[in-house]
Each structure stands twice: as structure tokens, then as C-alpha cells.
Amino acid sequence: MRNDDWKKVSRLVSKKSLWMVHFCTGCGAMEMPPVMTSRYDMERFGIAPMATPRQADVLLITGYLSIKTLKRVVQVYEQMRDPKYVIGFGSCTINGGMYWDSYNTIKDLSKYIPVDLYIAGCMPRPEAIMDAFLKLMEMIEKGEAIGWKKYHKYYDQYKRNQRMAFSYRLDEVQDIKEDDAK
Amino acid sequence: MILEAFGVMLLAVIVVLALDRYPRIAAAVAIIASLLPLFALTSWAGIMGISLPSFLAPLEFESSLVYNLGPGTLNLAITPLGWFFLLLLATSFPLALLFASSFVRNRAGGFYAGMLLTMLGSFGVLLARDALTFFLFWEIMSWSILAMVLRGGDRRAIVSYLSFGSLSAMLLLFGFMMLYFKTGTFLFGDMHLDTSLTTLVALSMIVAGLAVKGALMPLHVWAPHVYSRSEEPFVAFLSGGLSKLGYFGMLLFMYGIAGLSLLSSWGTFRDVSYFGYALAVIGAFTAFAGTVLAVMQDDLRKLLAYSSVGQLGYIAIGIGIGTPLALTGALFQALNHTFFKAVLFLAAGAVYYRTGKWKISELGGLGYRMPFTFLAALFAIFALAAIPITSGFAAKWLLYEAAIEKKFLFVTPIMLIAGVGAFLYAYKILYGVFLGEPRYDVKEAPISQLVAMWLLVLPLVIFLIFPGWVADLAAPILSEYGMQPIPHTPYVITTNLAAYNTLAVIFALMGALLVSLILYKWKPQEVVPHEDNYLAGEPPELYEYISMHAASNYYEPFEDVFGPVFRRGAERAWEIILAAAEFLGNGARRLYTGLTQDYSIYILLFFLILVGWWLLW
Amino acid sequence: MMKEFELFVGPNHPGVTGNMSYHLWVEGATIKKVETRVGYLHRGFEKLMEKRIWMQNVPLVCRICVPEPDVNEAAYSMAVEDLMGWEIPERAKYIRTIILELARLGAHLLTVGGIAASFGLYTIAQWGVGDRDYILDIFEQITGARVYHIYIWPGGVRWDLPKNAKELITKVLDYLEKRMPLYEDLLIRNKVFIRRAVGVGIVPKDKAIEWGVTGPNLRAAGYQLDFRKLEPYAAYDSVDFEVPYYPKLGEYEVLSDGSDIYTRTAIRLLEMKQSISIIRQALKEMPEGDVILKHPQWFAWKVPAGYSYVRVESSKGEYGYFVVSDGGKKPVRVHVRGPSYTHGINVLERIAPGMNIADFSPTAISLDVCPPDIER
Amino acid sequence: MMAKELFPDAQEIRKGRIRIEVEPEKVGEIVKKLKDNGYDHFVMLSCIDWINDGQFELVYHMWSYEYREHVMISTRIPRDGGSMVTLRDLFPQIETYEREIHEMFGVDFIGNPRLGEFILEGWPHMPPMRKDFDTEKFVKDFYYKIPEVKEE
Amino acid sequence: MVDLIALGEQILLLAGMVTLGFAIGMFFNGFARKVTARIHNRIGPPIYQGYIDVFKLFAKKTNISHGWIFDLAALFSVAGITLAFLFLPVAGFTLLSTEGDIFLILYLLAIPALGFALGAGASGNPNAAVGIMRALILMLAYELPLVMVVVAMMIHYNTTSLATLVQMQSGMHWAIFVPVFFIGAIIVDMALQGMLMEKPFDIAIAPHEIASGPMVEFGGKHLGALMLYKMMAIVVETTLFVDLFLGGGVVLSVSQYGWIAYVVNFLVWFALITLVFFLALLINAVFPRFRIEQALKFYWKYDALAALLILIWVFAGVSI
């Protein structure tokens, strides 16, 4: 079997087993229990919650992220193993949504970690979540869910943005350089 | 050559005492002297039916000796039983000294002198063919152990050892006297015991006196204190080697002198004499209680001490059951215990040597820093837990089979559950000391310590592959007692219940390991630092230090259940003993000045009195 | 050398509800010290509300507590009405009661499921959340949304109930009543659950009020205190209901001295039954008429200056809104008192030391700590 | 005794809502007195930024289950460098509210050892709940200026 | 000379059975999730989900390790459980079970557990350490009733070899039909619940308390190996139960029926272990988990007490 074929088979099978990190970053987590239970039952598609990032493949950013949570999210994302996927949940991850003028929530998630897929809405309905998972599976099969590759490729840029956000200052990058000079 | 050997060893004692300020030279002298028993061992290999190449047996030792010492005589001779136990002692002893050569720095001369004296004493005990010689050497050994305990300087250890040591001596002496009045001789060969009550009492007293050294409950109290407050090489030899002398004595008196038919004449229960049954029950209780107590210890040495108590209980069970299967199992267990416990105590010593800590809760993460120590300890722990990839399993298996064969309904589950309990404390050592959060940036142990440990691991590997060899060694001993050796080949031991084939286990394991190795090497991996750990998402860089070692009070739920029963019991036992000791030795209390010189003078005086009494009598 | 090891329970941990963290110091299996870490969900609601006009805040407030958003809408609306001096139509009061009680049912189902799941009884959690979906269906029919309804407005409710509301709600209530015995048999009468939950996670009774414990947790400690009775709002003074409290546990056995996980679970199950009865009564007694005050200029309200504190009994405890107006178009200050503020920080930090780690997460969940109303 | 009897100058906003305005020094004493007189439930501690007056208003809310009455004890402290004595010994939850107000407004509570980072983490700017902190401007100047990740 | 062809056949048979064992184990994973989902009123994952999950874990592109001791976990857990499987009589095939006995299997079962514990400890995570502590205490807890009943049986049948035991039960003389061992089977089934780590005894991996315990740091291929171990452990442990009480599933004698007997025995064995596992799953679905000391007390008080009665019965029977 050629390497490409092998990769294709691997993707075809792996997409049916998406384990997500048990991390409720925001209010979007409220619609996760219904998705897991009798009416929607996402375990049908092999999706299951996992306790720790080491075991998981999918990181759901369920809603707005405060800077304090962003630090944890980055930590969790980096502890996950490739291939890993991120789904941004709700309007808040796209442009801040409801909290567009809040001083403590990030406005665009893709500046800090690569996002494979967004779900619009506040809050997204369970059907939308299921749809997103199915879409993600499709993307995985086609090899389009390459957020983790992007993170490796543009690691410096992501890190720079994260550093800025963590310090609530734009000049953080310069600060570090000055510190190094000293 | 035997007398010369004693002479040389005594000479070496004086020499090392003189070389107190040159520990390395003293160690070299002691190690050279310690090889004498080893040469004696190889020279006597013939009586076990083993023929060794001559370069392994450079010295020729006579197989028996009667030596007139003024009014008394020393009756010495080698027997298969003596040879077997000499094998345990003579091989572990030089290695303990080798370990000590880098470990002991403080007053080294005294250490080596004491060690050589204990070996001299036990050499004599193993060869003794009459009660008085036995007692003389036994006391030499006991008192030199006391000298070593005194070096530790712990009051509890000294008091408990002194009280139990004198109890043991007293019991032995009374037992011997009673046997003498009954039979009119001290010679083992001439003792023809009858079924009278006096014999029973005498025999019980002797076995009880020996059980003190074998740390059988409830006579074990001294052991944890002594084991945890003395230098490690000595403790390794004490727990590994010297404690076996008690069981040597039991085998000698119960099966060599009294014999199975005599024991059975006082009543039997399902073909097992009441005498043996009682010993087996005590042994099972010891195995269980020792294990439970070991689980609850935080001090590494105390844990190992209680573990010793527990493991020695298995030997007592085997001796108690007294079938060929059980005796082979007991001998096998004695052999295993000698080596794995020595390795564990030495590994503990090596850990202490590098970190200066004894408490399990204060250690941690040494597995990556001291990998070879860790691997030796790991192997020894596997042997201790009787994992079937070491020789430890075969011994326990023999004992289980023997117990089932004799339908020991209540003893067998206790033995088995004590075996499971061993996993608990075994993992406590592994996790608390070698795994978990790396807290110390230390080097690997010195080469001499590593060599000592790994040479002691060797027998565990050899007898894993060839458990039949132990059965071979046991065969002459069993035939002396008029028993049939158990059916075996080098790899397979067969009982009338089942068979155990080590080759099948090893090959299956290798195959399975190979498959899983391929599976495991399939994908690449990267090694991450300890800090990159699951902290529920908390970034570690936000914290200066995150304490992640859970070893303190590790088995708390277990202790909540068993603690109230056992700890209180142990405390009360200790109180009673202390009270008794203080009551008995109220006058002697003033003698405890705490100065080592004084104690040495007492010991010397005692020796003079002992020797004088023996010469004049 | 530290004897304790540090354990982080949350934010990425199955043992917490929502996004918060407990930093535990543990020795052996016993917790020695706990620090509650909050702020992971801080969005600065109170700051944002000062920037928005009175009406714009309605969609914002419901986001403060996700499992039970309607109490926020109700409390905020009541505070505005209080400052404005409005009296809302009778029918609106009944509709508010129905909505609030349905929300309580949903929240209790979630909490009871959470308690069961924290003990490993996932069946109850699955059933509970599954049944809660029927309640969300009702919300969807009435308000058009599953979670954030934005239905209760200052001056009443946005629109009247649909025509078939009564049948819809009654059907679901009948179903829930039919399911209740299952929950009881599998949870509250489960021998293993009783072993785990009785006498565990005790909030000292004599300290309960001083520590600011409210809601079911306070009632589990033996006080028959409920703000629906003490300060009736909506239509609670016109409906007849009981306040279950320790030791009056109805058909459930009294097994402990109260104030433990078992009692808190029992109280919640009993409250669900009461909620069902309240909704039935409200549906029956509901008068016809307007559901909202006719007041023009939604976006040009000027609320008279003053201070108002309004409280609502939520499924977790006292939910309070402190609203200050200077007579302008925007509030000067809106301060939210969430029940979890005391339960999650003061109470838990005090009762957790000495507890087994196994009991920690169930205790936290049985106190019904909901992080967004702590940090807002 | 009800609050009206204890403090005759208390002002009744509406039924069950009493408001008392006092000097900062007297707050501790009054809270203690109310606590001893049946006002056993401490509801919350609020802070209002009256930027035009240059003052912070601290409001201590208390409730009596017995009288079904809610008392707001209002006190004003200067906006710049204003401080207050902690009342954490009276009710434990006051400590938490003080931590929050310290972080969000910058009010110093003397005697509270747990002041410090509570909700925010690494916040380098002015306490955000102050009226002169413009969150919209901050968002525009900070979050919108963080560069996008450029893909080649 | 060693008969190389016979040896090769033997090795092929063993390898085939091990592969089949793993396949059944993976099937059980999907089966368990399906059954649980049905109780939850859900549809649940496809029955072949276990295969997909293991495949995915081994197909992960990057893996982390905490050093070589951590890696030992993967090796020892898979190898150890394979070893235990090989020494069991499975579906009428004796495999290597004539070369060892019940005690060997009990100790072989400890190899993967200790190996896994070694890896979990090496990760340095306190959650893992607490989980292992609980797992070991649980092991101590359920082993007591288990060994009591096993010892009673071994003394009653006067053998310790499982192969012999299965042979003695052939012709439908199953131990479970002996009234006293029927009680024994119930006791051992309770112990089996702890062995399988199903509720109320899934204390070691309690996600709400210690975030899946020993597995916290395992991901990718390490977790895959671990899952293989867990899945195979189900097969081994249920087979142990079937061998002890249900005659190993042997209903037809090979000498009489030839190859049909192999097929039928295999199917019966498979049905029986599925049944035993299904029972465990049902209990799993309706109970919360114990605290560890409660589990210890449960096993040592009630279960062991009942086992003691069996011991006494055998004791009386033997001495007559």
C-alpha cells in the first residue's frame, strides 16, 4: 500500500473516533449535555468526552474566552497530540459577539490558536453542533482540517499574539526583547 | 582448614579494628577474609552432588572436625542443610562488605570487625554438631549483632534487641539443658528423643528461641527497630542472611533431630503434626500482619523490615507443613528472600547515600537519576511480590501447592492475600522512592554499590530459569529426613495438583513482549519534561513550584481500615515489652550509659564469663 | 519539604461544573486546604451594563447564569419596575411564575444529574438531561429559544403564551411526574448512593446563615426559608405550595442530621415536585388580559434615580440585583449577587479541609456552584 | 429590634428596604449591631463609583429573616486613595466581596490578607470597574490591534 | 529432535488465539458502550467502535512520553495480559494452561497491573498516583473473597490446574450446579465486578474525582496499548470465571464430535463470557461508585464472610 493510500485509510477511520476534551470554556458548554444525551446522542458518531487533553483529539471552545481561560486553553491545546482539531463555538469566538466591548474577552479566536471550524449563533443549537461535527469529519476525510499543521507552521505568530493577550499589552514583544538585551 | 578459617577471620577482626582510620584497606582485608566461607562452600559442594571445577574451590576444607578445647570439644561437620544455608550467607556476605566499602565511612574498623564476627558465628552455627557448640557460636553471632546495633545508638533498638536476644538465649539454653537431661548428651547425632512431654517443651522452647532470630510474630518486635536503625550493608546481611539461621535451626531440630514421626506422635491433623500446624498458623499470621504493617510504614527501612517479617513468615509456613513440597518451598523462599531483601536494603542504602533521606514521602523521582539502582530494586521488588518473571514466584507457588495439597483451608487464603498485600508496599517503594516528581538532582550510586546489588540480583534470574536446581539442592536435605524429593526437571516442577513450567512462561513472555515492542515502536514519540503534565489546564509557569508527589501517607484509606487494629496492637506490644524489660533490667538500667566503650566492656566481660564458664564446666 | 501534594480540580476537569478551578492541597487522601480560583468566565457584565441603555441590558443579563437564565431576566426586570414604580399585569405575573418554575425544574434536573454523575451514576445524568430537553422544547415553543429566552421584560413578558401552551406544558409535566419514581428508586433510594452521600459534605447548621448559605442548601440545613414565601414576587403569593426542608423530607427517609449531600439531593427532588404543582396551579388560575405594560419609547427610558435591591429565589439560592440609577438612560451600577458566590468560595473553602478527595467533587456539585454568577 | 428602631434616621425606600447613610468609621459598629439584632444574613457588599463627586459609595446589604427586612448601609469614601477597614471577621463572605472590590475598583481594605489577584490575572491597567476606564476604547486599542496570523 | 512442525503449529494456534482474544476484547468495548447507551435511552456507537478507537490511537501522529519507565507501561500491560490469556484454558483449547495453574494466572494478572502502575507513577501526576493507590487497595479487597472461593474449589476438586478443572467439569458437571459453588459463583461474580473495574468499583479511574486516574498522562499509542490491555483483561477475567464455574464453556467432547466440538465449544464460551460481561454491565449502569475504604469493607465484610461459609462447608466435607 502506498503511503498516500495509508493516510487516506487512516483519516477515513480516525474521523469516526473524535474524542473531545472535557473543558467548558464558556456558556456554550450548556448545550453539550443535550448533545451527549438521548435526543441527539453524538456517541453515535464515535464522539466521546475525555478527561484530559492527552487523550483527546478535539478541543471545543464553547463560547467566549477570557484572557485567564485563554492561557489554560493554550496549555490544553499544546498538550493535545497531533492531529488535533479546534471548533469555535458561537459568535463570541468569531468576533466577540455579545461581548464585543468587553475588556476581558478575546474577540477573534483564530488570532491565538488555529480554528478548523466555527459554529455561528448564540447559543448554537444542538443540531448545529452535530452538523459541525459531521462537517469536521468530512474535512478530516478530505484532509482539510489542518489547523494543527498551521499551528506548527506559524508558531511564532501565534505565540506572539498569545503573549500580547496574556499581558494585556501590545508592546509585550518589545519588552521581551529589551529584557533580553539587558 | 576449618580452624584455620576461624583463626584467619579472628585475625582479620583484629586487623580491621587496627585499621579503623583506613576504611578502604579495612574493607579490602574484610572482603578477603569473607571469601573463606565461600571457599569452604565450594570445597564442600561434593556433598550436594555438585562437582565444581577446581579453580572454583582453591582451598580444601575437611568435612568434619572434632577439636578439643580444654575441657570441652568443638564438634563441627558439614551437612547438606548447613551447606544450603551457607550458600545463602557466604554469597551475600562478601557483597554486603563490597557495598559497605563505599558506604561505611564512620568508624569503619568496628563495622568490619562486627560483620566478620557475625559471619564467624553463623559459620560455626551452620557447622555445629552439638548443642554447646551451637550455643557458643549462636551467642558469638548474637552479641556481635548487638555490637552492630550499638553502633546505630538507638535506644529502642538496643533495649528491644537486648531483651529479645537474652530471651532467645535463655530459651535455647533451657531447651538444650532439658534435652541433655533427657538424653544425656549434647551431640546431635546421639540424641534419641522420646515422646515425653519434656521433649515437647524443650523442643518448643528451642523453636521459640530460634523464632526470635527468625522474627516470627509475636517475637518480631525487635526486628523493625534494629533493621531501621543500623547501617544498611549490615541490615542487608542481617535480614537477608542471619535471620535465616533461625529457620536453619528449626529445620535442624524439628526434622534433623526430632524427625517427622516424633512430631506426629503428639497428634496430627490431616497428616500434619499439631506442632507443625501451629508453626504454620503462626507463620501465616506473621506473613499477613507483617505485610499489613509494612504497608503502613513511611520510613523506608521500617517498611523493608516489616516486609522481611512478612516474607519470613512464609518460610515458617513451609517448615510447619513439613511435606517435601513445603520444605522445598521453604528453602526456596529462604534463598529468594536472602537475595531480594539484600538487594532492597542495599538499594535503600544507595538511595540514602545519595540523598540523605530515609522517609519515602521525602524521596521521589530517583528512577531516572539512578537507573541501575532502580532496575536492581525493581527486579528485587518483582521477586518480593512473586511476579512470575522472577524466581520469587516459584517459591510461593510451591508453598501454595503444599498448603492446598495438605488442605490448609484457612492458611492458604491468608498466604495468598498477604501476597497481594506485598504488591501494595512494593508499589509504595517504587512510587515513593523511584517514580513521581523528580526532587533530587543526584548521580547514580558508586560502582561498588552497583556491582554488589547486581551480583545479588543474579541468583534471582538464574533460579527463575532453573527452579529445578533448588529442588536439586533440597533433595539431599530431604533424603536426610527420609523424604522423597519432589519430581522436577530444571524447568518444570510437578506436583500432584499441577505443574509449573518456567520455560513456557519465559518464552510466552518474550513473544508477547516482542509483539508489544513492535506495536510500541510503530510510532515516534517525544519525551516531555515533568512539568508538562496534566494540571487540569493550569499552566505550570504561573506557579513557582507545584508539589506533585503523593507519597506521604500514601495508603491512607487502607490505614483508616487496618490502622486502628494493627497500630494500636503494635504499640501495646511495645509498651508491654518495654515495661517488662525495664522491670527485669531495673538494676541493669544504670549500666546504660550511652557510651559505646562501656557497652564494649560489658560485651567483653560477658564473653569472658561465657568462655570461662564453658571452659571450666 | 511539603507533605501535601497539589491537585487542580478544574478548569479542564470532569469534576467541576463549568469553568472554574479548585486548588487542593492533599495529603494521602485527605484534603488539607482548598482555594477556589474563579475569574475564568469574567466578561465584565457589570461594566458592560453601565455602557448600555436599560433595555439593551435585558439580553445581556440572562447570560450571567446559563443553566437557569430566566431568574436573571426576572430579577433585572423587577428591579427596573421597582425603580419605575410599575405594577405589571396579573397575567404576566402568572406567566413569569410558570417560566421561572420551568427553569427551576430544568436546573434541578441538571443538578441532580450532576450529583449522580459525580458519584459515577451516569444513567441518572443521562436521563435527567434527556428529560430536561422536553422542558427546553416548551421554552422553544413559548419564547423561540432553547437556552437564552429574553422573554421576561421590564413591564411584563414579551408576548402571550401560545394557544396550546396549557396542553404542551401539562403533557411534559405528566411525563416528568411519571419519571420521578425512576429517579427516586435509582438515586435517592440507591443503597450505594446513600452510603456515599449520607453525612458527607456537611455545612454546619449553626453557621449556615452566617456564611450566607441560601436556597436548597439552606433548607437542607434545617431552615424553612424561601424567598418565594418571605418576599413573594410574580404570582407566588397566589399559588399554594410547600417549602420542603430538613427534616420534613416527605416520602424520603431521613437518614442523617441534614445539611449533607443526601439531604440536598432529596430537597431538590422534592422541590421539583412542588414546581410541577405550582405550574399546574398557575396554568389553572391564570387570568386573561394583557401580558405587558403599554409603554412607548423602549429605547428612551429614563429611570428615576434611586437604589433598588430585588431578590429572586433561584434553584441555587438567593439571586439578587442591586440597581442604582441617577435618572439617566443608562444604569449607574448593576451589581449581581449570585448564590454561588458564597457557596463556591466561602462555604467550600471552609468545609472541604478534612474531606476525602473522593467526596470533594460531589460536595461542590451538590452545593450547586455555578461559576458564571461568581465572576460575572 | 428592627432597623428603624435601632437607627431612627434610617430612610425607608419602600416596604422592606431600609437605607442608612453613615460615616465610614461607623460601618463596622452598625453592621455588628444589626447582626446582633436579627439581621443575620449578609447579602452583599457593593461599590458604586460616583465619578462626579469623586467618591466611592460602599453599600453593605443585610437581611433579616425574622423581620423580612433588607438594610443597605451606605458609606462614602474618597475615590483616590480611599480605604476602608475590613469587616471579614463579622461575616466570612465580606472577605470575598472585599477582594473583588479591591481588584475592580482599587479600594484598599485594611486588614484583609487575601487582597490581590482574584478574578483577573496579570491585569496591568487601571481597575476596570472605575468609570474612567473606557472599555470600548481599550478594546479598540488592544484587541482589534492584535495582528492576524498571516499565512503565506 | 524437537518436532518443528508441531511446534510451529502450536505457536500458530497460540498467536491465532491471542489475536482472536484481542479482537473479542475490542468488540466488548463497543458492546459495553452500546449496552450502556441503550440503558441511557440512546442509540450508542456502532458495535465496532472499539476497533476504530484503538486504530485511531495508534494512528496519532505524535506521542509523548515521560521517559523510559513510562514506556514500560505500554510494554508490560500488553505483554502481561497476553501472557495471562495464554495460560488460561479458552473455549476448550488448553493453550499453555497445562504448564501453569490458577495461582500462576492470579500472579500473571498482576504483571500488567504493576507494569501499568509503573508507567502511571513515572508520569509524576498525583492523579495517577492516587488512582493507582485505589486500584491496588481494590485489588487487595476483591482478592480475598476470590481466593477464598478458589481455594475452596481447588481443595474440593483436588487440583489447582485450571485445565484439569475444566476437564473435570466436562459433561455438564459444571461447578455452578453444585449448590455451594453456586453461592461461590455469586461471590466471585462480585469480585469480578471489582476486577473488571465496573461500578460500583470503578474507583481507580473515577473521572469526577481524579480525572480518569492512572490514565491522565496517557495518550496516543500509550493509551492505545492501555486500551488493548483493558479490553483483553475483560476477556481474561470473564474467561477465568467461565473456566471456574461454567466448565470453560466446554459442552461437546472433542474425541466424540471432532472439529464440530471445537466450533460449538468456542461459540458457547463466547456466549458465556458475553453473558458474564453483560451482567457486569447491568450492575455497572445502576450503581454509583463506592469510596475505596467502603469497597474494602464491602469485600472483606460481606463477600469474604459468605466465602468463609463456603470454606467451612468444604472444611467439614473434607474432614469426613
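Note that the chains take the letters A, B, C, D and E in the order they are written out, and that residue 1 is the start of every chain.
The rule we apply is simple: a contact is a pair of C-beta atoms (placed from the backbone, for glycine too) under 8 Å apart; a residue touches a chain by one contact, two chains touch by 3 or more.
This structure is a prediction, so every number in the text was calculated from the model and none was measured.
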Contacts common to chain D and chain E (chain labels): A, C
Most widely separated chain from chain D, with each centre as the mean of CA atoms: B
Per-chain Cα centre nearest the global Cα centre, belonging to chain: E
Of A-D and A-B, pair with higher C-beta contact tally: A-D
Chain at maximum distance from chain C, centres defined as averaged CA atoms: B
Gap in Å, rounded to a whole number, between the CA centres of chain E and chain B: 35
Euclidean distance of C-alpha centroids - chain B vs chain C, Å: 65
Chain B and chain D: spacing of chain centres that average the CA atoms, whole Å: 70
Centre distance in Å when chain A and chain C are each reduced to the mean of their C-alpha atoms: 30
Where chain C touches two or more other chains at once, by residue number: 5-6, 11-14, 26, 29, 39, 42, 44, 47-48, 51, 126-127, 130, 356
Touching two or more other chains - residue numbers and ranges from chain A: 22-23, 37-38, 51-54, 68, 71-72, 76, 101-104
Shared-contact residues (touching 2 or more other chains) in chain E: 40-42, 60-64, 126-127, 129-130, 133, 207, 211-212, 216-217, 220, 291-292
Chain-to-chain touches, reported pairwise for every pair that qualifies: A-B, A-C, A-D, A-E, B-C, B-E, C-D, C-E
In the complex, chain C residues that touch chain E: 5-7, 13-15, 26, 29, 116-123, 126-127, 130, 186, 190, 192-193, 195-196, 356-362
Of chain B, residues touching chain C in the complex: 361-362, 439, 535-538, 546-550, 552-557, 559
Chain D partner contacts - residues on chain C that touch it in the complex: 38-39, 42, 44, 46-48, 50-51, 82, 209-212, 214, 223, 225, 230-231, 306-309, 311, 318, 320, 322, 324, 332-333, 335, 337, 341-342, 345-346, 350, 375
Residue ranges of chain B touching chain A (in the complex, touch as defined): 532, 534-535, 537-539, 542
Partner chain B, residues of chain C touching it in the complex: 1-6, 8-13, 21, 26-30, 356
